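Going by the order they are written in, the chains are A, B, C and D; count residues from 1 in each one.
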Amino acid sequence: MGFLDQVYRDAVLEHARSPRNRGELDPYSVRQEGVNPSCGDELVLYLRVEGGEVAGASFTGHGCAISQASASLMTQAVRGLRVDEAKLLVERFKDMVHGRGAHPSLGDAAVLEGVSKLHARVKCATLAWIALDAGLDAEAAGKTEAEQISVDQE
Amino acid sequence: MAIDAAVLRRDFPILQRSVNGSKLVYLDSAASAQKPGSVLAALDAFYRESYANVHRGAHTLSAEATDKYEAARARVARFVNAPSERSVVFVRNATEGINLVAHAWGRSALGAGDEIVVTVAEHHANLVPWHLLAAERGVRIRGVPLGSDGRVDMEALAAAIGPRTKLVATFHMSNVLGVINPLPRIAALAHAVGAFMLVDGAQAAAHLPVDVQASGADAYVISGHKLGGPSGIGALWVREELLRQWPPFMGGGEMIRHVEIDRSTYADIPMRFEAGTPAIAEAVGLHAALDYLDEVGRAEIWEHDKALARYAIERLRRLPGVTLYGPEGEDRGGIVPFNVDGVHPHDVASVLDAHGVAIRAGHHCAQPLMQALGVRGTARASFWLHTTTEEIDRLAEAVAEAREFFGAVA
Amino acid sequence: MAIDAAVLRRDFPILQRSVNGSKLVYLDSAASAQKPGSVLAALDAFYRESYANVHRGAHTLSAEATDKYEAARARVARFVNAPSERSVVFVRNATEGINLVAHAWGRSALGAGDEIVVTVAEHHANLVPWHLLAAERGVRIRGVPLGSDGRVDMEALAAAIGPRTKLVATFHMSNVLGVINPLPRIAALAHAVGAFMLVDGAQAAAHLPVDVQASGADAYVISGHKLGGPSGIGALWVREELLRQWPPFMGGGEMIRHVEIDRSTYADIPMRFEAGTPAIAEAVGLHAALDYLDEVGRAEIWEHDKALARYAIERLRRLPGVTLYGPEGEDRGGIVPFNVDGVHPHDVASVLDAHGVAIRAGHHCAQPLMQALGVRGTARASFWLHTTTEEIDRLAEAVAEAREFFGAVA
Amino acid sequence: MGFLDQVYRDAVLEHARSPRNRGELDPYSVRQEGVNPSCGDELVLYLRVEGGEVAGASFTGHGCAISQASASLMTQAVRGLRVDEAKLLVERFKDMVHGRGAHPSLGDAAVLEGVSKLHARVKCATLAWIALDAGLDAEAAGKTEAEQISVDQE
């Protein structure tokens, strides 16, 4: 089962079991919904942006272990980043789960690298990050309630 | 004679494949069936020997191709026991067949205040075309619930059908619950109020014998890819006297009688509904698939299917923390949805995939049904004529492992 | 490097065939192209090794199939130089692509008094969808004539386009006359009045390089079967910012975001326009066909095509009693329509067929053009990358024999 | 060229060159149009039915040698037949061009048997006969101007 263990590392299962930053952020700068229409999973991401920095991030919703762990890891990773840094991190995360290697700046989120081996599950991992990207764009455009995005856009 | 799935498997080249180091156990036939070698050979031979465009040609190849294409139409008619091949229209898939009905018939026959009756267990293919129609024509859609036994609630269905009902559209076999709808009874209710009865046979046609005349349906759709045929082809059967009256859906070559710069007249059925160059080789491949199914024996396939369902239900029920959905009985075929407590179906599927067991996870294009079942999604194992009980054993073992693997999460 | 058709022929298994005792001379590529062996191998390998349904699966095969299907979309984008693959929608054929535009865009964007400009030389696929739309929405269709040189009369086109013009829909290469339309000039006229520019590239894509960005088109359709790909697949490209705004055409699985019993929301592009199980293997086969064409070299194919047209015109012109149609020049490719005085084109085709020479006869799905040319129909020889001048010699000899054979009738 | 000569027998070419019963019948009981949409060929058939017998038949229109010869031969063959006999003859003609042999009652029209070898042309031969069948039905239903039929119905 080496293959499964690579995807579902202990740290991934741990984040899935006890996700960080789960719940609504109050106050938030922007609320961003994301869906994965192929499985019906839904995520709501709350972001607080202050002075060009991501001051806080949290999420609600439901999904598989990979999507929950990914959302948990993402909300940890972006905290304190400048908006442009956060957006760059999204690209690096996508690169990683598409098999192009884990950039050091991903930190703990690099435990999800194994998902690149599980082609069918890449979208589960990217949902939270694509929501982050869209949420930051919406915030920059002055929106508080962003338009729902979907990972079939990816 | 009972099916020997272990022998039939040899007819399917892909089943020799390994996945993640294990021999492939393909339990996703309800999403799409694998292809017997005879279908691949028919496709290949057609392209190598007889390919040409159809219905247009003045040369030998074109006449050969047309003959083969039209023979496929006649074969489909025979497969569903349609009284004539003229009433069989080739489409891309079951979905297009239903959209064709919604456009050609629905947009001219339905108006504000009219009602369409469906069940909560329909595939999106039998819901979304009506949503698009409803938005345009002000039609109302009524959804009939399931009874507590996991079958369509026939009393609720009878109550939902009334004088405003213009269409009853429902599945023959549910792609989630594996249950068969009692079509003649439903058709009788529909026809009692003069409603049109459309049957989504996408799933059923692969599992049990189909007789459109006995079913009472006015229209019936199938998808070739679920029958072991190529992708890109399906068929719609409509009662001939009705189909004759329908206006075209799409416009283009082949479906015309006479064209001027700003107006046209249209061909007779079935050509009126086949605009442009059709899926020619795919029709020929579908022909071979239907031959294969009849050779194996469709009544035998259905017995095998039911036995596999019983076996799988029995086997999975023994596992702790596994929930099964759908009824049991003679109206239940080989599609088995389940959940493992506390584990998301996608994660279950990934563990199974690591063992070479291919199943589907999610809403199965039946979101209203998921809502009715009170779940976000399920895992789903689906069987076909090449499925063996040993494969179901491997499924059950892998499910047990998935539970163990995620034990800490649950 | 110039094409060596005698070598390329070996890539096409069907060209080894005899017809009526003679080696097949296939001069009907404009109706549908024959398939190189690499396409058949790609189809077969896909079904044997990677087949599964797409976009739904939680297992390895399904992920593989999805990757291959999406790679085919990216390949189509590259083939027509589209800026992104999101704006490429798979359809059954060019005809469906045009119908999709008529439904998704046309029915919401056009109303009474609006005008659609086409030419008299359009294929029915680019006329009948507008007839259906016109009947429903009260739109007016204006047909632009050909000039005396056999090309679209650009002055008449400029005059036909006006403030009410919402759509200019025309061919890239005529399937009868072999002529290329000057797309950038036409697009400039269309865009000057804010009209949408739809290009029917069904024929052109097989004969010359396509660059949708340079063409000025807002939408461009192709058919896989004319490109050496399988039947049952085609593609529609639409400028992404426009396509994003269009409502769905057909409803069903894959094209949704969320479905309730009586309403749905829809997926983003391109999925929004692909309802139901798509033509999966066909997309994979099309990918192989496009690879083949680029390997041979599309600029080279076009040079070969023009040279064959010149040769055939030259050769047939020498025969007494033969009338040729269409212009000559650098904008004329390898489609050569002709008539033999006093002999019906179908009878000509039958004599040719008896010699193994496959051509098409009739109106070529272009009845308004036949009327404009003052004929009931024509014979038509059409060439492709595997056509040799020797085959054109055989054509010419057979035409001469046809004339002799029916001499008494004429 | 043996194969072509079997289709285009001398008698066929002769009928194509000099068709019998070409023109409008005046008076007629029923006028029946027929088209072959795949090539655009059109035929107009005029029938005079008297006392349950086909007293006369003629045609106009345009088409290939086979369709013209077939129309010419058909108008000769039906003259004097009872309506039920004429309809039976249509079936026998169709049988013949579909390769099931020439029934003696077809008489001169049997020269078209070779068309069964030219699959692509069978509809050219049947157009006139299918028009006859439809025209007789229309006449029986009391119509003078019958609805156009098409050989894609076949």
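Simple rule for what comes next: contacts are C-beta pairs under 8 Å (C-beta built on N, C-alpha and C of every residue); 3 or more make two chains touch, one makes a residue touch a chain.
Remember, predicted model here, so these are calculated numbers, not experimental data.
Among all pairs of chains, B-C has the largest number of C-beta pairs in contact. Mean C-alpha position of subunit A lies 74 Å from that of subunit D.
Centroids of subunit A and subunit B (each the mean of its C-alpha atoms) stand 36 Å apart.
If each chain is reduced to the centroid of its CA atoms, subunit B and subunit D end up 44 Å from each other.
The set of subunit C residues that touch two or more partner chains comprises 20, 56-60, 62, 256, 258, 345-346, 349-350, 353, 361-362, 367. Multi-chain contact residues of subunit A (touching two or more other chains) are listed as 38-40, 118, 120-121.
Chain contact topology: the protein chains form a pattern that is neither a line, a ring, a star nor a complete graph. Each chain pair that touches appears in this list: A-B, A-C, B-C, B-D, C-D. Those residues of subunit B whose C-beta lies close enough to touch subunit D in the complex are 55-60, 62-64, 66-67, 256-258, 267-268, 271. Per the touch definition, subunit B reaches subunit C in the complex via residues 13-14, 17, 19-20, 24, 26, 28, 31-32, 34-35, 39-40, 43-44, 47-49, 51-53, 56-62, 92-96, 98-99, 102, 118, 120, 123-125, 127-132, 134, 140-141, 143, 223, 225, 230-233, 248, 250-256, 258-264, 275-282, 345-346, 349-350, 352-353, 357-362, 365, 367-368, 371. Within the complex, the subunit A residues that touch subunit C are 35, 37-40, 118-121, 148, 150, 152-153. In the complex of the two chains, the subunit D residues touching subunit C come out as 1, 3-4, 7-8, 13, 16-17, 38-41, 62-66, 118, 120-121, 124. Contacts from subunit C toward subunit D in the complex involve residues 20-21, 343-347, 349-351, 353-354, 361-363, 367, 370, 376-377, 405-406, 408-409.
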